[in-house]
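Shared between the two complexes below is subunit A, which pairs with subunit B and subunit C, respectively.
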Partner chain A sequence: MAATFFGEVVRAPCRAGTEEEEEEEEGRRETPEDREVRLQLARKREVRLLRRQTKTCLEFSLLEKHPCSRFIIAIGSNAVAFLSSFVMNSGVWEEIGCAKLWNEWCRTADSTHLSPTEAFCVFYQLKAHHSVILCQCSCYVAEDQQYQWLEKVFGSRPRKNMQVTILTCRHVTDYKTSESTCSLPSPFLKALKTENFRDQTCCSLLEQPNIVHDLPAAVLSYCQVWNMSAVLYLCYTDVMKLDLITVEAFKPILSSRSFKGLVKNIPQSTEILKKLTTTNQIQSNIYT
Partner chain B sequence: MFIPCGETFPDLSGFTLLMPAVSVGNVGQLAIDLIISTLDMCKIGYFYTDCLVPIVGNNPYATAKENAAELSTNAEVYSLPSKKLVVLQLRSIFIKYKSKSFCEKLLCWVENSGCARVIVLSSSHSYHRNDKQLSSTPFRYLLTPSIQKTVQNKIKSLNWQEMEKSPCIPEIEDSDLCVRVPGGGITKLLYDESCCKDIQMAVLLKFVSEGDNIPDALGLVEYLNEWLQIIKPH
Partner chain C sequence: MASRYDRAITVFSPDGHLFQVEYAQEAVKKGSTAVGIRGTNIVVLGVEKKSVAKLQDERTVRKICALDDHVCMAFAVITIFIGLTADARVVINRARVECQSHKLTVEDPVTVEYITRFIATLKQKYTQSNGRRPFGISALIVGFDDDGIPRLYQTDPSGTYHAWKANAIGRSAKTVREFLEKNYTEDAIANDNEAIKLAIRALLEVVQSGGKNIELAIIRRNQPLKMFNAKEIELQVTEIEKEKEEAEKRKSKKST
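Then we have the complex of A and B:
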């Protein structure tokens, strides 16, 4: 408890998270109907991998069915736009799966069919070389869904001969530094890598005490624990929605081994990116 | 589940497992950080589970540029074989409804690994103290029945204060008394489960308020050291 300046006693937030007594009490008060609702909600929140073409669920994990040597995951609109403009534009990619999930931020309809507007997490394979798989994930995968997402994508047996590259953005206000934030050259890239990642990173490593959360953290943790080679490129930006300058901040990674042979025409890609960001700006105008 | 860093599983038979409860002021976790960095403990594996919120960052115990780039995850295991100590550090909070599952998985690992005993470092809300507790030491301990047989005499010689029982239902005056650790996270759950499974567990906790809890962590480690004598007191 804490007292405010006005003399009222309020419950102070606890850094340790949810009070365990609240959860215990919820457990004690839970009726069979409450329990049924909770289980139904858990089923609704299950992560499923589908093949949109056949409207069927994948029986095995994605990477068990489609083994590869390079797996590139873009999480968030800017990272997705980067891969769309610079990588997907430079080859022929076929869709091999789509993750369907429901949560408070990502409300897909409860069916096996996913409309194009609901396809927030799509997996593509390079037709010429099946050794490269991309994931374009523009939806939020909640904490309780991240482990399931990993199981459905990576499966139970980790693939050691695969390099994983994760691209994502965070707001620059999340970056902790002793320097003045005015002097930060936003947007800027930082990297985190697993012990088995032997290549040079394209930017400096993320310093302590900065940490990464959400799906990028879940993927990198999985790779670290299972001794896989993985690198996360994190772009700190002050514009979280689709933004040309933020997307272009990822350009240094085009020269890395993860993208070798995948990028063909950078000027054309830049043009595509400009069109993508312009379209988005017009759509967001309330007068049109 | 426990996943070792190397190819083989380390032998932890007879080891003392130290771990934090994610609790008020994060005191247990700060105390564990202090122990790991002071003893320069070596990472031996990960406790990989779907129960904790995933987080990653670079090595929080870095001493030089060379070891600053080691990735750290939300639950890691460190050891110091010379003192038969193994430490589990938890760096994030539990996902809703997953704390009981975590306790089950953790205690299962404790039993299978052959650890001799578990010591949980925790904390409790200082505003929940009664009048007697307000005027006494802020440190408390709890022992499961199976560990009492082995350490009771040592604990008695230290003149430590056992955590008092309080009414199970505070609103009812003649309610039964039970152990309550408000703000202690999974402390009570771990303690109760360990009592049921006959696991040798001790809980050491401090009454704290949220704020700069570094001094509380230092105090808790000194409290632990009174018993285990991991390092010689100054």
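Then we have the complex of A and C:
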């Protein structure tokens, strides 16, 4: 037994065998009810990839059905806004699918017109050039759903000659450094790449301990395991909500090979970005 | 690991951090951007005004407030607090009471430095008490003293305070501070109008929708506090944009 800080007494786990082991065994046996609840929960947390207009599930994984040479994933509202303003206005993009998932932190939106505040995960393909696929993911994919997401998107045997670029943001306090966060020039970009990524990164590599989290980490690990060329551009910022300065911190990436030919009109992009960031500016009453 | 030493305010970590105080500084970064400039004959306070919910009364969201003003309104001390709104309200009330108490006791109005020191001491007390958390606010305090010299002070959640020539607090404060470091020159602040323009230009670096989301207040020597209305700010913004265009034309002429 152990006492916690708040005074509650909890059962401390014990690796040595105890007399109560047999009783515990009985308790651990699953009842039909438990099994039913577990199956229902698994069904609810399933990641489904659909064609949004027809609401039918894709039979194969997305990249098996739509092979491409460049796959760009934006995770988080700032990365999504960056792609929306700088890349998506440069051509005609058609939607090829969307991921629907549910977890305690997010329920992906069902509506066809998505506002920046809703959580969604949509895939687009350039109409003129089927070799580029974009993913805009503003929902949180939980740990138990990440592998499902990867399988449904990449498939069980992903193509090796595809370059994957991942864009995401983290709070600057996640950046491990001995300096105080006040002295860091946030927002700033750091990169992390797989062994097969041979190009030059647009910013310095993330220093040790180079730890990344959540879906970006899952995608990068998956690419490393399958010997694919992938790079993660991570923007450390002190404003996690949609913010003009944070989005503009991604700009150095536009000159990289992954974005070749995808960026046409930068002044117009800046205008689009300004509009996106001003639609949702209601003051929080907690902070002045 | 930070997590073992950051749950109680009164515990130092082995490498000397008071994590709760540092986390309180993060709370300040969640507020709007505010900028303060000390000119030769003027002090300027500007702040980003974000839009309020439709049904909310905008007048209750005043950011720049007076801590003290004389009967003749000549020696006002104004301030802006950025961070947790409720904490700001509590500290402002205490500071106002202290201003009056000082006047009653010594028959002189507070100096800007005195009231800043009072606020900083109050904040420091809350970083050393058991069962209390630090105030999650930083303040910019400006005013003129009896000797006619303009002052600008900044305090932060740890209870430190310093005098500044120009400073910014809140969201993206670093960007604004870098802009000020580049553009704060003796010429820029010698002229009152130039000092006002510098404050607005600094805010426009980070305020996303232009002049209509800026609140500005100035005090000139021996004059009462003046709050700028939307039209006056728009006028300044138009002038700034004109100057920018002319500077760019001159640059392109030089290069050709």
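Just so it is clear, the second predicted complex is superposed on the first by the 239 of 288 C-alpha atoms of A that agree within 3 Å, B and C clash if a C-alpha of one lies under 4 Å from a C-alpha of the other, contacts with A are read in each partner's own complex, and residues count from 1 in each chain.
Here, a contact is a pair of C-beta atoms (placed from the backbone, for glycine too) under 8 Å apart; a residue touches a chain by one contact, two chains touch by 3 or more.
Everything numeric here is computed off the predicted structure, so don't read it as measured data.
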Considering only the touch criterion stated at the top, classify A:L244 as touching first (subunit B), second (subunit C), both, or neither. second
On the A-aligned overlay, A:A81 touches which partner chain: subunit B = first, subunit C = second, or both, or neither? neither
When the two structures are overlaid on chain A, which partner does A:E143 contact: first (subunit B), second (subunit C), both, or neither? first
For A:Q208, decide between first (touching subunit B), second (touching subunit C), both and neither. first
The answer to whether subunit B or subunit C touches more of subunit A is B
Quick check for you: in the superposed arrangement, does A:S186 touch first (subunit B), second (subunit C), both or neither? second
Of the partners subunit B and subunit C, which touch A:S221 in the superposed model: first, second, both, neither? first
Which parts of subunit A are in contact with subunit B and also with subunit C? none
Per the contact definition, I'd like the list of subunit A residues that touch subunit B in the complex. 1, 12-21, 23, 38, 143-144, 146-148, 192-195, 205-214, 217-218, 220-221, 224-226, 232
Per the contact definition, I'd like the list of subunit C residues that touch subunit A in the complex. 22, 25-27, 29-32, 49-53, 61, 63, 81-86, 88, 171-172, 174-175, 206, 208-209
Touching subunit A in the complex: which residues of subunit B? 3, 22-26, 46, 48, 50, 53-60, 62, 68-71, 73-74, 93-99, 125, 127, 182-186, 188-189, 210
Of all residues in subunit A, those that touch subunit C in their complex: 173, 180-182, 185-186, 238-239, 243-245, 274, 277-278, 281-288
